[in-house]
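Following this line, the structures themselves.
In the two complexes below, subunit A is the common chain; its partner is subunit B in one and subunit C in the other.
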Partner chain A sequence: MTSALVVDAALVLLVLGLALWITAARAAYGAAVGFVAYGLLLTLVWVRLAAVDVAMTEAALGSGLTGLLLLGAAARLAPYEADEHRRRPGTVLRVLVGVLCAAIAAGLAAVVLLLPDPAPSQALAVAAHLPATGLGNPVTGVLMAYRAVDTLLESVVLVPALIGVWSLSTEMGWGGRPGFLTPCRSGSALPLLARVLPPFGILVGIHLVWAGADDPGGKFQGAAVLAAMWILVMVAGLREPPPVSDRLMRFLLVVGPLCFIGIGAAGIRLAGAFLAYPEAYAKPLILAIEAGLTISVTAVLGLLLAGPPVPEPQYQRQSRRRS
Partner chain B sequence: MLAALFADLMDLGGLLLVIPLMLPVVGLLLALLVRGRTLGRFALALLLLGLAAAAVIAAAVATGDQALHYQLGGWAPPLGVALKADGLSAVMLLTTAVVLLGVGIYAQRGFQVPAGLPETRRSLAFWTLLCGIWGGINTVFLGQDLFTLFVALELLTFSAVPLVALDGRSETLAAALRYLLFALLGSVLYLLGAVLFYGTYGTLDIALLADLIAGADTLPPAVPVAAALMTVGLLAKTTLFPLHLWLPPAHAGAPPAASAVLSALVVKGSFFLILRIWFDLMPALLTLTAAQVLGALGAAAILFGNLVALRQTRLKLLIAYSTLAQIGYLFLIFPLAAGSSSVALTAGALQVVAHACAKAAMFMAAGLIAASLGHDQIRELRGSGRTLPLTVLAFGLGGLSLIGLPPSGGYLVKTLISAAAVDTGQWWLYLVVQAGGLLTAAYLFFVLSQAVPGPRQPTPPHERPRLAQQLIVLALALCALLLGLLPLSAVDLLEIGRPAAADSGAVSALLADAWTLDKLWASLWPVLIVAALVLAVRYRQQRKPPRPEGTSATLSPGRALDQLDHLLRQWPVAGLLLLVLVAALVQTMLVGG
Partner chain C sequence: MSGTTLFGLCAAALVGLGLYGLICQPGALRKILAFNLIGSGVFLLFGVIAQRGGGVLALAGTGADGDPVPQALVITGLVVAFAATAIAVTLLVRLAETSARGTLEGDEPPAPESSDARRT
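So, the complex of A and B:
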């Protein structure tokens, strides 16, 4: 008991200390690196809170892919950073902001402490109806059966987000390849890593999706790992990102949500309600949807990081400059 | 055969609600696969289907005289997620379908793919995002679960933000980023509130929560905090004054069709959720001082928005600030609801419908005028009335609804709000409504006095609008103008599915009373005086050489107003206002309860 307490206390101190460090960090790149580490610490916190599914999501999306995005943004903004530092607000304003932020944090903490203890929960009802879905992981039960519509709409929200990123391109660049990830310099170790790691990464990703039905894991976590492998291959220069007008890629982007809606609509005839599954086939149908969603989420995440398309000559120039 | 089809559709009952939920989403996904050149027509076909579905749902709610319910996946709340369409939702679905169809027809030209190209950035982004907005807002109208509604809001926001930056210039990107960050701040506040509700009651279903809250003797303190957080988060997305930092720059550079959708629909989605929270989830809130806070903000929005609109030199920004003022009317209903919640709710819903049609028409009319002249400077609109008579007419008719002249929807709104204000002894609201109408009249007549006279333009127009575009703009303006002539039974539709009000019939009595001659005259003569004044001022201006820019006194009230507006739209100020509003609402909810 006490040893657990010591670990928890150390974890909390580390999280708070790292958060302070990130806030105080001068260079955006350093702060982004700190953010990745911070995400990994939060993953441990979630594990300690016995929320393994959340921990995996935090590690894969909150820390991994978001961190990658921030690192990329920091690298691109580096030339403007000195200018930005010169225009930073005075000490009084910064102290004021700090005090206000602390007050908000205190207010949030107070509100959370106001909540009843033990917290009311649907966990028992979730567990009681789980056999009807053929699943073993209650989190997957919530995401794919009870609240399937939320998962469906979330997977759809990714599409406007991607279109938002794409729409940052120029009219000339439309139809070209995404230009955010430029291949690394030749002679670096990345190409080797990008040859060795993906077979294992892909296996882990697929395992996360497959295991998600009964154990912690699932399509979002699995897709994040798969997307990371794809990005590694693109950054290493082994494969180019597909042009945004690529028909196959467009199909992969939408196949998951479409498959979800199709099976959901079939549920009207077969199981009496939209997004319901006939009991005998519940698990295979859910797995089919998860497989489709994994493909689409992987494609969206990879393309979100790959950025807006640029005209082909510019893309070639960027690639050459690096190699 | 049609009758048989209709009967079959009615038999579907709650299952009908899946159509408006899924049709836009399927459209959004398929739009990525459809050939670029046919995308516009594909979206149009979808919008027509959507209009038919919305009409069928409205008919089903009206003929069944009860709300439609549906449990997704067959799971009952609190485990599952429910959909519901009461009269209010049905009317909103129908309004959305009508306005989007109008925008869809209008945008066929601006977002078509030029010959020789397979697809363009603007075309793909516009049509997919339009579907995204449609799907998000329909889900907002139907959802009964606070988390599903959050996802719907996200779909709405993520689809709306890139529309602002469709022109791809650096200032439109900055405006879009501003909108994105502020709207996400709103999302976080909303989500935090939803978490507190779940932490307190263990459910996110609005009906279940409402029962639990109504049944409790004393409310846990987390509940008012949650309601305040959600309300303020939604206010940031609705751009209620003084939280309007993203509105003017967003409209300044957005394409007219995008502005129309943003102003007519997107901000109404978050407003609708505020309605759901205050009228359905926690009706007790309406009796508290907190309702007065919202009312005061609404009143300030009407006066401030209209006054700043008068100061604008660009037509598009004038319409944007007029939106700021018109959103104010939506919040006047909260302090009035303690007297009669059905009158307040009817006024709010009518304002949403009337403003959606009128504002969509006006933004698109301004777009046609700007395309034809090559600019939208109000002082240089001379001759556009001759070149584009239908469009200027549509602009004027839409404006009549904003002023609140009969027989427009705006007239009904003003009648209901004024009557409720007098009944509950809140005279200041009555005065604000009257003043708001007159200020609106002032800028509308100013624009018309610039646009109507003058010869046909000697130079050929930059871009000659299609007749279809002009006609659809006129049709939307007529929708707003003729809304007041709908039979009273149409207004009764709004009541279906709501708990029977103690004062049922109050709305019908007030509306029937609105058509007496002296009431009509009373609403007309002040506007006529304003029109005469505007014409007189304009006549004097023509005879006097215009003052050179920048020589007027530095401390004029107009300048002060501009500076106040500029100050309120700074990030630190807007952030502080957000916090102050949360504190004020929590305070008034805790003390009042």
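So, the complex of A and C:
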């Protein structure tokens, strides 16, 4: 028990140290590198908190994809960073803000220490009703059955987020290819990696989705891995991102939410409530929704990272300059 | 003190640290990073509550997992946080390209708004 506590304490110190680095590092690029390491350490914390599903999502999304996004932005914004340091608030203001933020942290710490015991919990209720869904993983059960409205809204909200990113293109850029992921220089090891890794990555991603019904895993974790493989191929320059006017791509972006809404609406007739599943078909219907959502979430995550579309001549120029 | 409580205190410190960075860092990208720190602190608090809620499962002898409801909410939250970060970062890059600055202050007259800046 005590050795576990020592490991936990060391983990907490590392996490807090990296958080300090992210806040205090001089260059944004260094802070973004710190954020990737921070996400990986948080993954370990989630495993220690017996939340393996969350740990997978944190590793793939919180650390991997967010890290890539922030690293790319830091590299693009580096030329404008010099004048930021001039704008730092004065010492007195910083101390004042520090004291107030410490007070907020202390308040939250007090809440953590005063949490009621025994803790209120839905765990038994979930476990009692899980057999009706035909699933073995309680987290998937919550996502797909008991709180399906949350999951539906979340999968729908990803589409407006992508529309938001796309609408930041210039007028000339509309209909072109996304411009954030320009291919790396030729002669680097990345194209080789992008040929060797994706077959395994795609297998792992699909396995995560399939196994998510009964074991830790699920569509979001699987989709994040699949999106990472797609991004790797795009960054290595083996495939160009599709133009935003591509109709097939647009269909893939919405097929998951449409499938979810369609099955949910059918539930009104067949099971008496929106998003209710008729008991005999619960498992196959959930699997169908998960498959559709995996496709859509993969496409959205990849395209969110690929950024707003740029005019075709600019895209070609960027690719040539880098290769 | 148990490991779970320790992680809870860590989460509280992360929220405080992130809030400080959000207010005191002048660069907008640093503010986005700090906001993600706050987010991870909040998610971690959820994780601590989920882990404590799993105690009833251990009492019932059916496993040592956490409460799946907060865990599922965190997974939902992580995906939405990524989408929000992507929008914020894209907005910021566009702001830097059109006005040649990476901060949010508007006290200087912005550089002449031009679509040429992007084409050159």
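The criterion applied here is as follows: the second predicted complex is superposed on the first by the 322 of 323 C-alpha atoms of A that agree within 3 Å, B and C clash if a C-alpha of one lies under 4 Å from a C-alpha of the other, contacts with A are read in each partner's own complex, and residues count from 1 in each chain.
Keep in mind that, in the parts below, a residue touches a chain if its C-beta (ideal position, glycine included) is under 8 Å from a C-beta of that chain, and two chains touch if they have at least 3 such contacts.
A quick note: this is a predicted structure, and the numbers were derived from the prediction, not measured.
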{"item": "Fit or clash - subunit C, subunit B, common subunit A", "value": "fit"}
{"item": "Touching partner for A:Gly218 - first (subunit B), second (subunit C), both, neither", "value": "second"}
{"item": "Partner chain in contact with A:Ala31 - subunit B first, subunit C second, else both or neither", "value": "second"}
{"item": "Partner chain in contact with A:Ser121 - subunit B first, subunit C second, else both or neither", "value": "both"}
{"item": "Subunit B versus subunit C as contact partner of A:Thr294, first or second or both or neither", "value": "neither"}
{"item": "Partner chain(s) touched by A:Asp8 [first = subunit B, second = subunit C, both, neither]", "value": "second"}
{"item": "First (subunit B), second (subunit C), both or neither touched by A:Arg147", "value": "both"}
{"item": "Which of subunit B and subunit C A:Ala19 touches, first, second, both or neither", "value": "second"}
{"item": "Comparing the two partners subunit B and subunit C, which touches a greater set of residues in subunit A", "value": "C"}
{"item": "Which of subunit B and subunit C A:Arg48 touches, first, second, both or neither", "value": "second"}
{"item": "Which of subunit B and subunit C A:Trp174 touches, first, second, both or neither", "value": "first"}
{"item": "Minimum C-alpha spacing, chains overlaid - subunit B and subunit C, in Å", "value": "6"}
{"item": "On subunit A, positions contacted by subunit B and by subunit C", "value": "93, 104, 108, 111-112, 115, 119-122, 126, 146-147, 150, 154, 157, 161, 164, 168, 170-171"}
{"item": "Subunit B to subunit A touching residues, read off their complex", "value": "15, 18, 21-22, 25-26, 28-30, 32-33, 70-75, 78-81, 118-122, 124-125, 128-129, 132, 135, 139, 145, 147-148, 151-152, 154-155, 158-159, 161-162, 165-166, 168, 173, 192, 196, 199-203, 220-222, 225, 572, 576, 579"}
{"item": "Subunit C - residues contacting subunit A, complex", "value": "1-21, 23-27, 29-30, 32-34, 36-37, 40, 43-45, 47-57, 60, 62, 64-69, 71-76, 78-87, 89-94, 96, 100-103, 105, 115, 118-119"}
{"item": "Sites on subunit A touched by subunit B in the complex", "value": "93, 100, 104, 108, 111-112, 114-116, 119-122, 125-126, 129, 145-150, 152-154, 156-157, 159-161, 163-164, 166-171, 173-175, 245, 247, 250-251, 253-254, 257-258, 261, 265, 267-268, 271-277"}
{"item": "For the subunit A and subunit C complex, residues of the former touching the latter", "value": "4-5, 8-9, 12, 15-16, 19-20, 22-23, 28, 31-32, 35, 38-39, 42, 45-46, 48-51, 53-54, 57-58, 61-62, 65-66, 69-70, 72-74, 76-77, 80-81, 83-85, 87-89, 93-94, 97-98, 101-102, 104-109, 111-113, 115, 118-124, 126-127, 138-139, 141-143, 146-147, 150-151, 154, 157-158, 161-162, 164-165, 168, 170-172, 180, 218, 220, 297, 300-301, 304-305, 307-308, 310-311, 314"}
